[in-house]
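In the two complexes that follow, chain A is the common piece, with chain B as its partner first and chain C second.
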Partner chain A sequence: MIKVENLKKYFSTGMFSKKYVRAVDGLSFAIEKGETLGLVGESGCGKTTVGRLILRLIEPTEGKIFFKNTNILELNKKDLRKLRPKMQIIFQDPDSSLDPRMKIGESIAEPLKLYNIVSKNGREEKISELIEMVGLNPEHINRYPHELSGGQNQRAVIARILAINPKFIVADEPTSSLDVNVQAQMLFLLKKVREKFGLTCLFISHDLEVIKVMTDKIAVMYLGKLVEVGKTSDIFNGAVHPYTQALLSAIPVLDPEAKRKRIVLGGEIPNPINPPSGCSFHTRCPYRERICEIEEPMMIDIGDGHQVACHLNR
Partner chain B sequence: MRLKIVQQLKKDKMAVIGVIIILILAFLAIFAPYLSLYDPMEVNMENRLLTPSEKHPLGTDQLGRDLLSRIVYGTRVSIAAATMATLMIMIFGVTIGAIAGYFGGVVDQAIMRVVDVLLAFPSLILTIAIAGILGPSLMNLIIAMTATGWVGYSRIIRGSVLSVKEKEFIEAARAMGCGNLYIIARHIIPNVISPVIVIATIDMGHTILSITGLSFLGLGAQPPTPEWGAMLNDGKSFMTTAPHLMIFPGLMIMVVVLAFNFLGDGLRDALDPRLRQVMMK
Partner chain C sequence: MTLLSIQNLKVHFHTEDGAVRAVNDVDLVIEEGETLGLIGETGCGKTVLGLSILRLLSENTKVEGKILYKGKDLLKLNEGEMRKIRGKEIAMIFQNPLTSMNPVLTIGTQISEPFELHQGLKKKDAIQKVIAILKLVRIPSPSERINEYPHEFSGGMRQRAMIAMGLACEPSLILADEPTKGLDVTIQAQVVDLMKELTTNSKTSMLLITHDLGVAAELCDNIAVMYPGEIVEYADIKELFKNPKHPYTQGFLGSLPGRGLKPMNGMSPSLIDLPEGCKFHPRCPFARERCKNKRPEMVEIGKKHFVRCFLYD
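Right after this comes the complex of A and B.
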């Protein structure tokens, strides 16, 4: 349903000598209909940029993005606007995702009006139906976003999105700004609507536990590139790339007796203006060899759709 | 935020006085036909240049027209003209500023350079020049004032738009498939308009002063329209023999401008410090 090929986004910086921040540097992946792909990575690795690129909220430098066999980067303005309602996004900060001057009900009514989904008379009914589905009370319809909590606002955002029956949703860390108990409710809600509407999702998060319960497939991103892609269960049970292994080892475990080997990565994530030569992870990799500094590893399929870009797995 | 401003204003005595005067003037303007004793245009050469008396509380002018009636009607003209000028300045300033801020890039650069040029030019001289080219009439004066007055508003709006357009609800609206003009009208402007409304109130006194001043110079309202500035101009030939012709319209102008300045100062104090800085210029 969604297919991304060699997607690149360079942001230019510097006034006199042009330098480029390689936020997204040659990404390729696919999401099947009804599937949820989790995009994982550290802060600043380009996850959010990928989400916005796929919806063409920002223009990529290079690459192809297919939505049901149409390359959305080739669409003109008019056709793109026709396609827009099929693809929606949930942002990280629910409080700024709603117009502060609009009541919740007005925000939900907006897409209904825009696309004339239900007749004028049926609108109110549709709004209360949506409100109920996402677990808000009817009284919230006449409230402003600043009068509601983050969790309630996020529910309103979901109601607003569901109003236009999207097929594909990018969820950009939808729970990371919420309290832990609210997070769980929100994930439950997302799972519910995903099943009910048969949604295809790109779920962006740095929280591996959230990813584990929410996704079918995982793509691990490091410095604008994918390092490992595979089924969620395969990756949690047998991550191959040293970076994925390090990420997984950082998940807290409840049992204090449990023995676990914590892989602690040294150093900081390198500057994407000057990415390291060869494998971009080699500066922090505990297993690096000479070849890692020279040659960039290719994505290799190691069976059952599990792909990894590492010289140590040839 | 609006409630807070009102509460702050209530504490400010000068602002309250300003509001009361403005309300009285608005009342005068609306009910002018019922409040004036004579037709402000009615010429009566037998009663010319009368001093204030019971029949004519403020006297009559050189054509025997009742001065009180003319001043009451003048409220209508002056306040209507100032309101219209302010509204037009706001509409132009806000629209252009919002377009510059939202689209950015070349559009923004082009608009902001025009703004810079206009701001670097003495606006009164430009207004006089434009009004002179268009020909003297109240409407042309308003157009001339709009042509020079929008720049300040554009600058303020552009700044606010630059911060609002980065908010996620704007991106969400784009993802919904909303067009740019729809987003500007429905999401951007409602979120940046309130400081502008406040600034417009503060500028109101200045606008009235400009209109009466330019009318005094003969660029605005033309005789026999009962406009305060034009009345001052009429009266200046009789300054020594019938000073009331200049004193009363002059007093009215002073009172109105003072009232709006009191309200404006109060509003500025009631506002958040960020806006206070913007208006310090």
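Right after this comes the complex of A and C.
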């Protein structure tokens, strides 16, 4: 369904001397039809940029992005517009995704009008149907976003997206601003509509607990690069890359009696303007060797689609 | 020894939309050396409860009840006496260090302030102490970084500087309001480890206000679960995870991704418009007629395990 090859995005910065932030630096991955891929990483690793690049909301510096065998980077404006309804995004902050001066019903009607999906007479019925599907009440149709809670607005955003029958959805931290219970309701809803519409998803999150229950495959990102890719169960049961291991061990365990070793990483994420030489993780890696400082590790398949980029796994 | 005892606390304030009943008849005790977790969702009044202890709420707030700290009622102290308590006896770690720090003062100046104020140290000696305490919270090359401003620190470093500021005068009680909110998992792990280290082997007590049960599970001895305006369950941490009794606590735990991801119906009520009777009854699967009219009392159902629910009456 989605295939990305050697995707790069450098942002230029600096007024006098040009420097480049390597936000995304040579990413390749694929998402099969009906599959959900989780993109995991800490803030500033470039995961949001990947989500936007895939939908061509920003232009990449280099690389190819295929949607069902069409390289969307080669499409002209008109063809891209035709493709847009098939690929949609749920942003992190629902309040800023909705027009504050539009009633919820009007917001949902927008895409229906724009792409002429149902006739004018059928519109109201379609809106009620969508509102019900995402678990809002009919009375919400005539409310403004500021009158609803964050969770309800996020539901409205989902209703608006479903209105145009998308095939592929990027969900960028869709629940990170929500309370635990509202988050559970939202994830439940996402699972439901994903099944019902047979959606393919890229689920971007820093929350590994959420990723674990929502995805089939995981791609772990560090400083603009992928360090490990594999089936969700394989990663959670046997992460190979030291960074993935540290990430997993950092999840607070919901059991006060659990005894475990935590790998606490020292230091912070390096500046992507000036990433470390060799393996970009070597400055924080507890197992680094000489070679890690010099040579960049290649992505190697260690079986069953489980890939890892680390010198320790030659 | 009991360090802090909150008795029958009520905090109400007026807004344009109506009276906010943020805290209603709350009783809590914190022992010396104990870390108590105050758990609840957004808007349940947990932050207001924390702020009321240090009397940091605005003028139009009505506070009733008693907050006994080492036997003294904080609500009866005058402003001068209160100032001697803040930062020295009871310190607060706020959830957003960027807005809680002064952007135009260097980190060194900010953290040295409590030393000068409460311990009467000269600036030069205070700075030496600041460097030592920044080292304790593992800020790299602290003697240079004290000359930097808050915006030059990363999120995790700012939070650690905030913790350093709270620890500066070795307070007996730390109020930590969502100290790891907004931090990345690996940085959160660093901060949690640091707080664990600082509180386990010392007499310092802590009230940890959070919605994150994972963080609470690592740091707390006991947990009080808050549902708009009141405490609905209190137990030691192991008991609470193994044997949650209140339907809300059960639902809250069950809604976590790691424990089933089964959402509860509906939403928490607003503090302006609280339901009659048990506050949880409109969402409770076990609600009966009397839950609608009468507010259940806190009952002890096991050793140090209290629940506010008619099911255990």
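Everything that follows uses one rule, which is that the second predicted complex is superposed on the first by the 314 of 314 C-alpha atoms of A that agree within 3 Å, B and C clash if a C-alpha of one lies under 4 Å from a C-alpha of the other, contacts with A are read in each partner's own complex, and residues count from 1 in each chain.
The criterion applied here is as follows: contacts are C-beta pairs under 8 Å (C-beta built on N, C-alpha and C of every residue); 3 or more make two chains touch, one makes a residue touch a chain.
Remember, predicted model here, so these are calculated numbers, not experimental data.
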item	value
Fit or clash between chain C and chain B when superposed on chain A	fit
Which superposed partner A:Asp179 touches (first chain B, second chain C, both, neither)	second
Contacts of A:Ile89 with chain B and chain C, given as first, second, both or neither	first
Touched partner set for A:Val253, first chain B, second chain C, both or neither	second
First (chain B), second (chain C), both or neither touched by A:Pro276	neither
Which superposed partner A:Val264 touches (first chain B, second chain C, both, neither)	second
When both partners are placed on the shared chain, which of chain B and chain C touches more of chain A	C
Partner chain(s) touched by A:Leu208 [first = chain B, second = chain C, both, neither]	second
First (chain B), second (chain C), both or neither touched by A:Leu114	first
Shortest CA-CA distance in Å separating chain B from chain C in the superposed model	13
Overlap of the chain B and chain C footprints on chain A, listed as residue numbers	none
Contact set on chain C toward chain A in their complex	41-42, 140, 154-157, 184-190, 192-193, 211-215, 217-218, 220, 237-238, 241, 251-253, 255-259, 261-264, 267-268
Contacting residues of chain B [partner chain A, same complex]	167-169, 171-179, 186-187, 190-191
Complex contact set, residues of chain A against chain C	42-43, 149, 151, 179-185, 187-188, 206-210, 212-213, 246-247, 249-257, 262, 264-265, 267-268
Of chain A, residues touching chain B in the complex	52, 55, 57, 81-82, 84-85, 87-89, 91-93, 96-101, 110-111, 114-115, 157, 160, 164
